[in-house]
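Structures incoming, each one as structure tokens.
After this come two complexes, each holding subunit A, first together with subunit B and then together with subunit C.
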Partner chain A sequence: MANIVIRYGFLALLAGLIIFFAVAAPGFASPQSAVFIFQSVAITGILALGVTATLVVGGFDLSIGSVATSAMMAAAYAMVVMEQSAFVAVLFCLAIGAIVGLINGIIIVYMRVPDLLATLGMMFLLVGLQRIPTEGRSIAAGMTLPDGSTATGTFSEAFLSLGRHRFDFFLPNLVPVSVVVLLVLAVLIWFFLEFTRFGRMMYAVGSNEKAAELAGAPVKAYKIWAYVISGIFASIGGILLAARLGRGDIASGNNLLLDAVAAALIGFAVLGAAKPNAFGTAIGALFVGVLLQGLTMMNAPYYTQDFVKGAVLVVALVFTFALSSRTK
Partner chain B sequence: MDAMFRIAGLEKSFGPIRVLNDVNLELHTGTVTVLMGANGAGKSTLVKIMSGVYPRGGGVMELAGQPYEPASPAEAIRAGVVTVHQNINDGVVATLDVATNLTMDRLSGKSAPLIFNPRRVRREARAVADRLGLQVDLGASISDLSLADRQMVAIARAMAHEPKVMVLDEPTSSLSSAEANRLFSVIDRLRAHGVAILYISHRMSDIRRVADRIVALRDGVITGVFEEKPLDYEGAVNAMLGRQMGHAAVTVADATRKVFEANDLRIAPSARPFSLTLGDGEVVAITGLVGVGKTKLAETLFGVRRPLGGTMRLARQDYAPRTSADAIAAGVFLVAKDRAESGIVADFNLYKNMSLPFLPRLSLGSILRTRAERAIAREQIQSLGIVCRNERDRMQTLSGGNQQKVMVGRWLSQPSQLLILDEPFQGVDIAARRDIAAKLRASAPGRATLLFLTELDEALETADRILVMSEHTIVGEHRNANLDMDRLLAQVAGEDKDDRRGAA
Partner chain C sequence: MSITRRTLGRLTLAAASLLALPALAQDRPAPFDKPENVRIALVRYLSTGDFFQAYLSGVESQAKALGVDLRVFDSRQDAALQADMVDQAIALGVDGIIIQHGLTESMKEAAQRAVDAGIKVVAFDVNVENDKIPQIEQSDRDLARLALEQAIKDNGESWKAAYVYVAGIAPLDRRDETWKEFKAKYSGIQEVAQFGTLDNPIANSVANQARSVLTANPGIQVVFAPYDEFAKGVKIAVDEAGLSSDIKIYSADVSTADISAMREPGSSWAATAATNPAVVGQVSVRALAMMLAGEDPGRSVIVPPTLITQADLNDNDIKNMEDLSAKMPQFRHADVAMPAWMPNPNE
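This part shows the complex of A and B:
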């Protein structure tokens, strides 16, 4: 009995929640509403999938939120100030994510700085760094540059379509690009972690580093790769954020880190995994999205959102650690 | 001479496992009694009962003729029984300075003043340090001191209680020989102060230096007390390792083809270089006391450490692994010591644990062939007789012996040139031990098999050839048939150093 609760408890809770909202909030059970939920969790979900990779190797990445906002600012800067194409802007962002991840990994693995501290430091560094080129201003087409001139570049149409284009799916113009990207990345990272030898080894590194090393695994390389994956995923999130907003907004993206981490940790409870896993992370992100959308449609005030997210996280962690350790 | 501390008929069990059985022990004032025992003999349990960590199961303890029944470590210290634990950093607070460490017990007592007076602390610390002739800057932070100095501080702090009995639990295990010498002179001073000392160690060089008496403990029973001068060190080692004659001896095979050789290998800075040859189909055991470099040698062969000198050859080719991955690729496998720490991945089930080192071979491109993994695991479960429901069982559900079988099965599942097993019988019941040994011998042809074993019995049960290690080098070699047991024990005890070719 306890086993069944641990395994399917969270999925049952999710199903119950959906049924409850479908009955209680008219309009909740519609394709538009479903897509809206997916869209609201797409960016945090992508970040959460990245941080899952670092959790798998027994690490943690607190810099993902600031990597995403840095990527957003970088995309805006590349197009608006440097007048580059969408393609260059995207590459620029991905490179930033990869480099930040690499630096995080090197600091943690070779300089032996604890993961939380290293990535916390990186978070502050990036929050500051992303404001330096524009002296703290947001970036939008036609903005005034620090030297007094006016920026002549604009967000390219191709780039904006990443945030605004919708694919036809049963209904015309239904599924936004960000949701497709989320689903593709979720399947990719899930397949990578569960079905490739690299993923298996990453789990081994996270569970018993010494045993993994004595089994011939290049432990340091795996750890660094995990941070690179996390950085790249965060920068993809940042690109989508920039495309959706159409500007480099220094005030946005504040909640990304906490929401993403919450989704990944809630994922521990899904299917009784008691460990980081891609499927659980995706469900965790979805769970938060369903809850918030449902509450919003039932006219719950916006300021209760953080409280609800926190409560869900605490319950999920109790599920994972208290219940599953009892049956071991 | 009356005993300062006396234990009679001491018993201790943990659940169904009896750890100490009718232990009698006397400690005299101004005398160093050395307690020798292999891993799992019950030494630490005895120390913990003496220092008030565990309650005793039965029997009596007396201190200076009075019953001694400490309910807690603090009570033991108050009564005058002080223990310096093996882990030096447990005895000191690294972030505080020496003076505070030396007087800490007074600071935390009930009668301690509320206000901390640095000058008074310094004065008291000076008095404590002087008593032991401790020459350390009292203002220095512990974290700036060497391990040996920390050890001295811990001992000086213990001395501040004016103990009647002092227990030193493997105090030299992390000290260099120069540092150990300083410790020995402190022990001489304690002895002169009339403290009854119980010194726990397996290092023969230490024991020769400090012992007035030797007591050997084996499987929870005192197997020998040696107090006549000159002390019978060989007899003590014998009593500790428990030589049982008339073994179900193995049919000894002689090697044919040379598989592995090491020339002038040096694994520790001051150690003598040694050479080593292992042949096809041969099972060779390297035995020796704890801390003589067995694990270091195993790790050197497996590429985890670099040798300080010398060369290795594997199957007629130069072999110089830089990582464990290199070793595995060359066909050198290691079943590492202490499976929980360095073997088992606790989050993985049985078959995932087994396939771990061979994932590149068990995947197509980079995608795992789970079916092949599980087939291999089933094969090993069958051939080693692993007791489990199926290959997807969690490791925690298996007994210690079966967990070890999984670890051995992992490295038997692929062909190897040289299979190294470091203490493969640690924490393994006798039935599983027999199964593993039989499997190793049966599968031996086609590779060289090298075992590192502290317990002599295990070596006699499994090996064709037994090499003896002492002080990071190989000091003896014996064919496991009518071997000269006295010679072998002398070599284990480090007494027969001139001729390294034993009764081969």
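This part shows the complex of A and C:
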């Protein structure tokens, strides 16, 4: 019995929640509503999948939020100031994510700086760095540059369509690009972590680094790869953010970080995994999305939403740590 | 706060052209007949973001127009440090201090010490509870009133509204008072939903909320979002829901990005009311200069806001903040704290 509760408790809770909102909130039970719940969690969900990779190798990445906002600024800068195409802007962002992840990994693995501290430092560094090129201003088409001239570039249509285009799916214009990206990345990282040798080795590194090393695994490389994955995922999140907003906003990304970490931690509880896993992370992100959109539809003020988010996280962690260790 | 930027280059050019006429300085009252001997300090609590950047550029341009020596102290949201910086400015022997934001509790005594040391002080957006210190304010109530009057003008006196608000933020609370007054005055205004969040990026978080609200409450005609980040988020949600032609958004504050969002074809963002932060910076310096010259700027110096409608932007082909200043003179310059001898940095 306890086993069933641990395995399926969280999924049952999610189902219950959906039924509750479908009854209590008018308009909740519709395909459009389902899609925009996915859309509302797409960006944090992608970040959460990235951070899951670092959790798997027993690490942590606090810099994902600022990587995402830096990528957003970089995309805007590339197009508005440097007048590059959407393709260049996207490559530029992905490169930033990969480089930041690589630096994080090298600092953690070779300089032996604890993961939390290294990525905390990187977070501050990026929050400052993203403001240097524009002297602290947000980036929008037609903005005034620090030297007094006016930027002539614009967000290209192709780039904006990443945030605005919708695919037909049963209904016309239903599924936004960000949701498709989320689903594709979720399946990819899930398959990668669960079914490839590389992914299984990452779990081995996370559960016992010494043993993995003695078994001959290149532990350092696996760890660095985890941070590179996390950096790239965060920069994808940033690209989608820039495409949705249509400008580069200076932002610390702390809320993105916290929401993403919450989703990944809630994921521990799904199916009683008690460890980081991609499926759980995706469900965790969805859970938070369903709760927040449902509460908003019922006119609940923002502070109750933070409260509920926190409560869910605590319950999920109790599921993970107390219940699953008791049955062992 | 509004996201606003302003060319320093343009302003300094204007200021430089004024300085090129040294005869003017002779006509000014003491101590501005020898402005190079006048030193003023700007002690800041908040500095990150476009609003504060633009405020600083306004302070700098007016200081330059007067020819005075400006020192900028930036406490970066450290309340204790900000108080120390006032003491530092006193020790430096400055003639005047502008306190920009801060906490009443930490700044009250520091401001009093400056006044006791014979220094003239003005405060922007922080109440230091001192009769000798004039308050510079951008009128949040007027901002909200202008936007809502336009909403009434466009939509009549009876509509279904959604309202974006986060309590506990002083300017939003002041704007909220006006919203409540309007609801009381016009019984036809029916607020069906209230939401809002300051999770950053704010526009993205508000867009997520607004999507839910629009789905749950069909028939909303007007969204009052008295902060431009809120309005930007609501506009994204309205576009995504395909309701651009059914809903009108009224907001406060303005930026280059806002201007392009308002000008998109079929944009639901109908109007915004805004004060130019650079002008607020200029007014702060001017009020201080009046005090130094022995004149009285008044207990509170209010910088009036400007209503900016979609039609204004389209008719004048305004693309960014510079165009806005150039084509809407009431936005570029406020005739506040402007005695005859005061140089206008915007000319």
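Just so we're on the same page, the second predicted complex is superposed on the first by the 324 of 328 C-alpha atoms of A that agree within 3 Å, B and C clash if a C-alpha of one lies under 4 Å from a C-alpha of the other, contacts with A are read in each partner's own complex, and residues count from 1 in each chain.
The definition used in the following text is that a residue touches a chain if its C-beta (ideal position, glycine included) is under 8 Å from a C-beta of that chain, and two chains touch if they have at least 3 such contacts.
Since this is a predicted model, take the numbers as computed values, not measurements.
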item	value
Combined model on subunit A: subunit C and subunit B, fit or clash	fit
Which superposed partner A:246 touches (first subunit B, second subunit C, both, neither)	second
Residue contacts with subunit A in the superposition, subunit B compared against subunit C	C
Inter-centroid angle subunit B-subunit A-subunit C after superposition on A [Cα, multiple of 10°]	130
Partner chain(s) touched by A:195 [first = subunit B, second = subunit C, both, neither]	first
Touched partner set for A:114, first subunit B, second subunit C, both or neither	neither
Partner chain(s) touched by A:218 [first = subunit B, second = subunit C, both, neither]	first
Partner chain in contact with A:140 - subunit B first, subunit C second, else both or neither	second
Subunit B versus subunit C as contact partner of A:310, first or second or both or neither	neither
First, second, both or neither for A:31, with subunit B first and subunit C second	neither
Lowest inter-chain C-alpha distance for subunit C and subunit B in the superposed arrangement, angstrom	31
Complex contact set, residues of subunit A against subunit B	195-198, 200-201, 203-204, 206-208, 210-218, 275, 328
Contacting residues of subunit A [partner subunit C, same complex]	25-28, 30, 32-33, 36, 39-40, 43, 69, 72, 131, 135-138, 140-144, 146-148, 150, 164, 173, 176, 241, 244-247, 249-256, 292-294, 296-299, 301-302, 305
Sites on subunit C touched by subunit A in the complex	3, 5-10, 48-50, 53, 166, 193-205, 207-209, 211-213, 215-216, 218, 232, 236, 239-240, 242, 255-257, 259-261, 319-322
Contact footprint of subunit A on subunit B as seen in their complex	302, 304, 323-325, 327-329, 334, 336, 341-348, 352, 356-357, 359-360, 362-363, 366-368, 396
